[in-house]
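Pasting the structures in now, so scroll down.
Consider the two complexes below, in which chain A is the common component and chain B and chain C are the respective partners.
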Partner chain A sequence: MPIARSSALLAGFAAALALTSCAPKKDTIRIGEFASLTGKEAAFGQSSHKGTLLAIEELNAAGGILGKSLELITEDNQSKAGESATIVKKLISRDKIVALLGEVASSRSLEAAPICQAAKIPQVSPSSTNPAVTETGDYIFRVCFIDPFQGVVMAKFAKDTLKVRKVAVLTSVSSAYSVGLAKYFKERFVADGGVIAVEQKYSEGDKDFKAQLTAIKASGIDGIFLPGYYTEAALVCKQAKDLGLTVPVFGGDGWEAPQLVEIGGAAVEGSYYSTHYSPENRSPAVTTFLAKFKQRWKNEVPDAMAALGYDSAMVLADAMKRAGTTEGAKVRDALAATKGYVGITGTTTLDASRNANKAAVVITVKNGQFKFVESVAP
Partner chain B sequence: MPKPTLALLSAFLFAFGVSLLSDRLDPYYLDVVIGVGINLILAVSLNLVNGYTGQFSLGHAGFMAVGAYFSAAISLFVAPAFIGPAGTSALSQGAFFLAALATGGICAASAGLLVGVPSLRLKGDYLALVTLGFGEIIRVLFQNIEKFGGALGLNRIPAYTTIFWVIAFLALTLFVVTCLVHSTYGRGFLATRDDEIASEAVGLNPTRYKIVAFVIGAFFAGIAGGLYGHFKLTITPTGFGFEKSIEIVVMVIMGGMGNTLGVILAAVLLTLLPELLRPIAEYRMIIYSLLLIVMMLARPQGLFNFKFGQTRS
Partner chain C sequence: MSEFLQQLLNGLSLGAIYALIALGYTMVYGVLRFINFAHSDVFMVGAYLGYYLGKLVPPGTLWGGLFVLFAAMIGCAGLGMLIERLAYRPLRGAATLNVLITAIGVSLLLEYSGQRFFGAAPRVFPPIFPERNFQLGALIISTNQLVVIGVAVLLMLGLQFIVYRTKIGTAMRAVSQNPKAAQLVGVNNDVVISFTFGLGSALAAAGGILYALNYPSIDPLMGVMPGLKAFVAAVLGGIGNIPGAALGGLILGTVETFIGGSQWSTYKDAIAFAILIIILLFRPAGLLGRFTAEKV
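So, the complex of A and B:
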């Protein structure tokens, strides 16, 4: 009897699985999105999703594209490895999407890329900066700059603006992003005549950095390069101040989150990071975007992930309009031909490696606010 | 021919039959089925250690990582030198995949032996902690080895895993575990679990039984890892963390420790459940966890364990 009950249960689940699939509606263009809406990197995933959704809603309010309205189908990967491959297959085979948007984290974009490439579905990543992502194949694009460029930007900024000569590099070994960024920074900084006095390592989730910072302090440096994510960056700044280290600390776009100031407080004042856009930019495109975003999402100020999420959807829509169709190969060719598209995060031109060449901005923290310092062109 | 061997051969035939149809199956359903199959191999092999032999191991994802990394390394770095990048026949591809999986399995089994020999003299909570620590060490090691891609892991692994390989290796796992446990030798596993001192008194060597169970469990975890790597096409160290080990342990506990049929049903259920709950998006993990709590309260002996206590009487 209990066996019969449990097999009935299983049969029920199988039936439910069959029912979850639904046939695509006739006159919509289905665009898939996979994002880390929950889990460790939910802050990035949520931001990016809000930007993407706003773009889709805006396009629909303006009458859609190619005479059809757009439908965004979003799936969450819980920031977990292995999940993205499954949901991207689902989006392609069950939901019949014509193009895919996502992800923030490079490792998860890399999971989806071979699947999109095999299915000939164009994928546009909003903010994966690791070079390996678009190397997967000719259907994989991104609308942000890549880490080698970001590393160069911060090396130049350290040398020319901060005028530091001897720096320490503190890398997160558990993040491919951090390791890559550190490598490109070091190459450029040393080539420009700078000295890397000491290199220290940590892992994401670490809370105590006193040992690394003591070693850094002993080496007598005049700056710390800290490529990593906001939580650890804030903690490092705090503990550096406690140890009496007053040299400037600077990092990359992984710092960009309100939590940096919430956790770091006064300690992150006067630190710098490079990112994709600044809400302080007074260009008309950014001003309208800011107003629309605040209206749609309860007065929230969009960060770089939101702006890139918005741009990724807009660049895709622009390519579909130019292609005149949603057919994979044609959209891919149109995407590859993207030139001088003016978006929120600057002018997007996709190069032969399907990466965007665009300017980076450097931001500093002042009175608990993110302030624009300078813009660095490629 | 003995019945289990016949069952194994017919399972291979069945796998071959299904693989002929796999082109017509929906890729998403195929993906889910392969995912279920890999989790089944993991759960059934862990059941040999945690269920039948009564040793609480929390390091199964670590062995899976060893298998995944080494078999992917064979496919990525060694195989191209022999078969070249293009123009490979399905047969040579299959042979190399089999070799890659075997290497992964053997590496994982060696890791199992390495951890097992010193730590299996420990009992209960202590062993759980040692295996937990081992799993973390493996993850951190792969994270720091440049050759294995560091934090980004390995990507562009060839897509060799098909439904055929998964069903075939699942059948093999079931065959080995079932035959082993039901053999005269295998009764020693149950004896070790039920009463270590008594089994020692009748002349059995509990530590040896524990190590054998551990090594065989690790071997199949390594195979599952290899299948996983060639299925997801990219592996990162974070994917083989503590959470993955817990996931497999939950399947074993929910199915009823030492009950292969129960563990199979639990693994199928726990892999399908998150997929079925997908429509409710962000809340699905809450519902999933709630279901786990309710199920464990209602059936603490294991959801599908209907003959609990029989092996003890």
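So, the complex of A and C:
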């Protein structure tokens, strides 16, 4: 490239940089959000983002908080490991956010947590259930239940409702969520007299599970616990059926996405998972939320990730109102004092470990639809 | 015993797909002596072509499935030739490193334009072939596995025929042995190289569709891991050697499946690649490759 042209290009680039890195506007409160808007867990990020954005728009329509309007700055981590740290640093240092919302997947929340803790920026995760997320530090919160509870719910459900005694556990070793949930499930299931006949493992992004499933089939189990995310869960169900495995397969909230049924088809019929909320709940809070969400997002029915995305933004805004400021330390104290906040996914009271204790619901797939089975109180 | 046979079947159907992709790496290496890293992304484009074409034909019919398969193969053959014409031919005669880096560039270009045009979210591949499961004793055989193994064997036989029984195949072998001498006896090297790319890319497209049939979630980065493994399979069998690539693919797929079904499933890639290192320590040219001293 001739020198004259390259220097002109450089000048243009510098000008573009100068334009984009303008200082934050004074009259808005900048809230950051990082989500898996594309990639393998795109359904999570999209749902969660739609819920969060709806909450922010609603707050702004009602006049904002502390006399200012809210500005949501969203960044996509492409469902990739390593991206979250980069974009969260960017949100904090360049966009000057006062608080951070996100993520769904525990592994990615865990990437952001130490950065927020070090910068003293409160982070509220809508739906990361691994206990380690909030253990990172006192600036990290979540508005959902944690895996020790979810593991117990599914262990009890397997024993009492499905009446299975001998199960196989298929864990994703590269997901903090999957490893944690498997551990809590096993502890409870064995304590209740069940048998874990075989444990098999896979990694995020794997597509071939026939080897593991053939070994599982040979061990003669009557159920498979599959704590993982929806893409893998659907592929596992499909390949299990191909191999003639007809035992019930059940998992956790990582299953909740329309893609589970799209990919899995008939193979996911009659499988079960635990999650945070069901749109079939007829409480007034859920009914209004359903109506508002459908109106905003082309008649889409909000799933648990959308409901928690909404709740996370509302809990944060509530804490800011009570704190009377957006200063990190004060918002942190107000968040820690959150008590009896009534949201879509139940009542949020943040305990000493900055976790919420909420009821879980069990869902089954029936005729391609997610159907409510039962609700389990904490 | 039945578990062993079932794992063997699983392994062979996975290995057959690796073998199909490995053939493309090995053929290009044979004529041009460089690794076409964009090959694994042609595999991905093949799966996406299958995805879009699969919507045009009635699902679950044999002729519909075959139509999608052949159309995607032709489409990718065109893409392979286009890549060769635009990216590699201008570098003919340049240092191998330049071509290698260009190949990485083309690979990234295809991956990220794929994210732009197809979207980054995974898509569900339609069931284009009829699906049923057969029971043979305790062994369960799905039609998908049969289709994969059947199509792979047919394509490899076809390839063997083209390379050893046709004029263009003879020309390919001539170019691979000595490009200058081939030119001197009247072989048009450009046509032969173009044809090699087309053939390899068509096989990659077939591999992509067979892969997507078995694992019906496709995304623009789906080629990375199978591509890497197929490349390893090609090296394992002896790069530049066609039966070697097929053998390498089958070995890698089977080993991976057996380890995946054992208690060391976490380490399945590590163990599969460790086996590769051990084989290469004892046979540096690969299983079927012949070690030739570099001509100076």
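The definition used in the following text is that the second predicted complex is superposed on the first by the 364 of 378 C-alpha atoms of A that agree within 3 Å, B and C clash if a C-alpha of one lies under 4 Å from a C-alpha of the other, contacts with A are read in each partner's own complex, and residues count from 1 in each chain.
In this section, contacts are C-beta pairs under 8 Å (C-beta built on N, C-alpha and C of every residue); 3 or more make two chains touch, one makes a residue touch a chain.
Values in this document were obtained by computation on a predicted structure and should not be read as measured data.
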Contacts of A:214 with chain B and chain C, given as first, second, both or neither: second
Partner chain(s) touched by A:60 [first = chain B, second = chain C, both, neither]: neither
Partner chain in contact with A:82 - chain B first, chain C second, else both or neither: first
Contacts of A:231 with chain B and chain C, given as first, second, both or neither: second
Chain B versus chain C as contact partner of A:179, first or second or both or neither: first
Touched partner set for A:132, first chain B, second chain C, both or neither: first
Partner chain(s) touched by A:94 [first = chain B, second = chain C, both, neither]: first
Which of chain B and chain C A:244 touches, first, second, both or neither: second
Partner chain(s) touched by A:111 [first = chain B, second = chain C, both, neither]: first
Winner by number of chain A residues touched, once chain B and chain C are compared: B
Intersection of chain A interface sets (partners chain B, chain C): 38, 78, 173, 203
Residue ranges of chain A touching chain C (in the complex, touch as defined): 38-40, 42-43, 78, 173, 200-203, 205, 207-208, 210-212, 214-215, 217-218, 231, 234-235, 238, 242-244, 259, 262-263
List of chain A residues in touch with chain B within their complex: 2-3, 6, 10, 13, 16-17, 20-21, 37-38, 74-76, 78, 80-82, 85-87, 89-90, 92-94, 106-107, 110-111, 114-115, 118, 130, 132, 136, 172-176, 178-180, 203
Residue numbers on chain C that touch chain A, as the complex places them: 2-3, 6-7, 10-11, 14, 115, 119-122, 124, 133, 135, 140, 142, 144, 211, 214-217, 219, 222, 225, 256-262, 265-266, 268
Residue ranges of chain B touching chain A (in the complex, touch as defined): 26-29, 31-32, 35, 140, 143-144, 150-153, 155-156, 159, 228, 231-239, 243, 265, 268-269, 272-273, 275-276, 278-279, 281-282, 285, 303-304, 306
